[in-house]
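Working notes, structure below.
As written, the chains take the letters A, B, C and D, and residue 1 is the first residue of each chain.
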Amino acid sequence: MALTNAYPLAKKTLEKPQTLVEVNGIKIGGNDLAIIAGPCAVESEEQLYAIANFLANKGIKIMRGGAYKPRTSPYSFQGLMEDGLKLLRGVSQKYDMAIITEVLDLSLLDTIYPYTDIIQIGARNMKNYHFLKELGKTDKPVMLKRGMDATLEEWLLAAEYILMGGNQQVILCERGIRTFDNTSRNTMDIAAIPLIKQLSHLPIIADPSQATGNREIVGPLSLAAVAAGADGLMIEVHNNPEKALSDGPQSLRFEQFSDLLDKLNLLGNMNGKKIPELHLKTQFN
Amino acid sequence: MALTNAYPLAKKTLEKPQTLVEVNGIKIGGNDLAIIAGPCAVESEEQLYAIANFLANKGIKIMRGGAYKPRTSPYSFQGLMEDGLKLLRGVSQKYDMAIITEVLDLSLLDTIYPYTDIIQIGARNMKNYHFLKELGKTDKPVMLKRGMDATLEEWLLAAEYILMGGNQQVILCERGIRTFDNTSRNTMDIAAIPLIKQLSHLPIIADPSQATGNREIVGPLSLAAVAAGADGLMIEVHNNPEKALSDGPQSLRFEQFSDLLDKLNLLGNMNGKKIPELHLKTQFN
Amino acid sequence: MALTNAYPLAKKTLEKPQTLVEVNGIKIGGNDLAIIAGPCAVESEEQLYAIANFLANKGIKIMRGGAYKPRTSPYSFQGLMEDGLKLLRGVSQKYDMAIITEVLDLSLLDTIYPYTDIIQIGARNMKNYHFLKELGKTDKPVMLKRGMDATLEEWLLAAEYILMGGNQQVILCERGIRTFDNTSRNTMDIAAIPLIKQLSHLPIIADPSQATGNREIVGPLSLAAVAAGADGLMIEVHNNPEKALSDGPQSLRFEQFSDLLDKLNLLGNMNGKKIPELHLKTQFN
Amino acid sequence: MALTNAYPLAKKTLEKPQTLVEVNGIKIGGNDLAIIAGPCAVESEEQLYAIANFLANKGIKIMRGGAYKPRTSPYSFQGLMEDGLKLLRGVSQKYDMAIITEVLDLSLLDTIYPYTDIIQIGARNMKNYHFLKELGKTDKPVMLKRGMDATLEEWLLAAEYILMGGNQQVILCERGIRTFDNTSRNTMDIAAIPLIKQLSHLPIIADPSQATGNREIVGPLSLAAVAAGADGLMIEVHNNPEKALSDGPQSLRFEQFSDLLDKLNLLGNMNGKKIPELHLKTQFN
């Protein structure tokens, strides 16, 4: 695939080979390997603080947590909404972690904006062009997940909608596409990572939790994504996955996450992409 | 696939075997074959009135036309927006045709609401659950297109979000799914029509224009959809497809549309689903 | 999609607009609607004769039945093999029906050849080019099913392999492709029928039984395929589907098949494609 | 996905956690990282010896090369056939490399058998169950590529057909599946590697060349596959990719292959899976 002129703002050029998006001291797109971790959904104060305390001890600087959840069924848990946002604010202040949370709809942007450091746009919204245009006018980083049915060109054109509005802080996130094989929840398109690196200057991270839906596979997919050149990972971690209100089966247990960090650090020694301030081999608490 | 309890409101039951949605005298879901036709996008007064005049003469009672267009590239024509809505209002009054137009985003609903008789939700918004919840509070029919990556169960659960809010006038529209074969723009899932008829009481129509992207194939797919049990069709028609600002290659020419109506009427004699007030074999004008 | 020069022998041209393949008096590709019916697998003398007797009474001239079955699991019923072929020969003689049966492998061709009137190549073999080349040297019609993962161009190129060898009697059969939606066994690509009609002079039939895997959907898909222009249908019928050794859930019961024939005949009155010698509304026996 | 009883012979158990297949001193499935390399097709004596000389100098012990090529078009280069086999024999003897070459059809097995050390079964033949049964009776290792449309369960059931016949030396090879996104030739299903490791005792390698079709992406996908746990890689290498008769765009140049080996060795230091006898940083010749 040749470089194209379809997306002049997202395209990699000699003049613009790489965009850095800096969040809480982490340079996403540079030599830092950005690790974003946390629960799928904010469920309670107890749950969120237990997870935040663990992650902060491991040196994690950006925490994920959904307050408004897009659920296939209207009868599933829909998130704590504003109460969830307030809890995220709390852990952000206590543990000095930046927050990333999903904005499900443009009408919720004003509500969520003050509580989040990165605006997460889910796979289901990747083609909501009206929403993307409005995001171009904001001044916070936007993490744009790939739609389950989106080609790479469609994804870069979606980023172009945001860039056109003036916001240059766009992070792409590969989270799996939909294919005939339902063994996994989705199929991680590992080739998307080096292809995006060829085509665009935007940083790209991977979400192995969404991609596989199976915690036993999250580790290998994380290592694979970083080996393929990803600028970071977004990983679901839960203090009690069996009781999680959403996505329990794909959430790592604490000890699994600790082990994965150790392996990622070894990999970082090899490819020069390191986890900043990582507390290696610290006591599991 | 057995009937499930996942979507109690959308599910077909002995008590609720079929919902009728009545629009401008057409009973969608009953013995009427609903034909919705018009251009992909409203482009100009001249274009819209030429098409409307033709369609009204053929007995068409519901006209489609996009005023806000979801385009993959931000550099493509995005629609006439409010000017387009006003033009739609004009033809609606002059030709006594109901209007269906797409609402791209919840934030545009108040603007578009007074101008449309059916609220069209595009494939890209099928999983925008926050938006769907709000649509449940409106009192106009909603046409919910199937997402390009949506299973039948996900589609019915999306309808459930609307039904839960109190709006019972939901029309489903099969418009093709995304598969490996790019010969056509999408792959029309013809089996979805009889399967939805088994699973749900909601009416289902087909959009062969979006499904194929090729006007030479729109006729055969229309006949196939009706033979398979569809309650209606949504078809793109243009007075000058070569100059269309969007989707020209899939828009029928006037004479193709006339021929198709004649064939659909013959098919209706067979399966009891007729086009109401059809002006058959009328002079082409 | 423009006509291409990739497959000069399969391509539709002014000089070669349509190939007719004549089998037992049925002109496949002409004004006859070819109905091929029978069980998925030959299971026993009793089963095969019960089905053959019924089909012959309905005027069916070509019977299907698998003697060697390609099964996903090695622990599933693999077919009666040569005993099955002999049973097929018996019904062919008694009821004057032509036989179509699958050849799983080139090494089985000599064994099966004397017993079959049409050589069936299954979806799993559509890309076995060595086998296709050898089929080009035979003098019996070949029915080439579309691979579950084959584009239209790949399918026509597979036909080209046979045509190159000198055998011009190739019938294409759309039997569904593999997509993300597992509601049905496969997804029938209804648009393939008119597209193949545009691109190639070869006749094309549809196999709604394989496509859906659900007998309740076979009828609507059959009508849809014929409405879209198919030259025929291949339909699984069984005298006792609940006890079938393979594909029971997708096999029509006798009365369902009779009803379908009546509807297909009405459709034939409309589009000029008729079932030859059909015994309409005959007593169900 | 739970361990199933559908494929008792291929299933991983406490008693049979891992099969080792030993070829030319390389233990595939153990601590060795097996690197199989060579051209897509054998084209000429000059080409094959140039590549073989380079690979032998890099310590490669297993060489690939197609003598019979499965080509989508009958008008493409079909391979040198027996002449190609003889050339493979020559390099095998001169450079002490084992040979892997594809057997397109059961009828070619006797011809190819004496020339190859591993029998390669291509993606197009993964569901040719008759062929697989016969392979179960051979006494050479079989490399079974995943079909482009095969689920993991279907793949393991295909392996079961071989294992049932008595041949226990089966190596699985992930080479990409077919999805909607045509940016790459296929989509490498990276999760298949750890999932197969959970489900089965059979070794699994990856073919990044087939998966992507783009030599610039082969390196990152190779690293990803090994990071995810692959037991080896099969990589296309060519002395002059621009002039290759097949798959030139996905063939690595010599210097790219050398660089990749160095990176794989670093990765091996991390995960304990090493390339045996690797000549690191040797002079490029």
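Quick note on the criterion: a residue touches a chain if its C-beta (ideal position, glycine included) is under 8 Å from a C-beta of that chain, and two chains touch if they have at least 3 such contacts.
Not measured: the values here are computed from a predicted model.
Centroid analysis (C-alpha atoms only) places D farthest from subunit B. A separation of 49 Å divides the Cα centre of subunit B from that of subunit D.
Subunit A and subunit B have CA centres that are 36 Å apart. Subunit A and subunit D have CA centres that are 34 Å apart. Within subunit D, the positions touching two or more other chains are listed as 149, 178-180, 182.
Chain contacts in this assembly form a complete graph, since each chain touches every other chain. Put simply, subunit D touches subunit A in their complex at residues 1, 149, 151-153, 177, 179-184, 187-195, 198, 211-212, 214, 216-217, 219-221, 223-229, 263, 266-267, 269-270. Those residues of subunit D that touch subunit C in the complex are listed here as 6-7, 68, 70-74, 104-108, 124-125, 127-131, 133, 147-149, 154, 157, 160-161, 164, 178.
Residues 178-180, 182 of subunit B touch subunit D in their complex.
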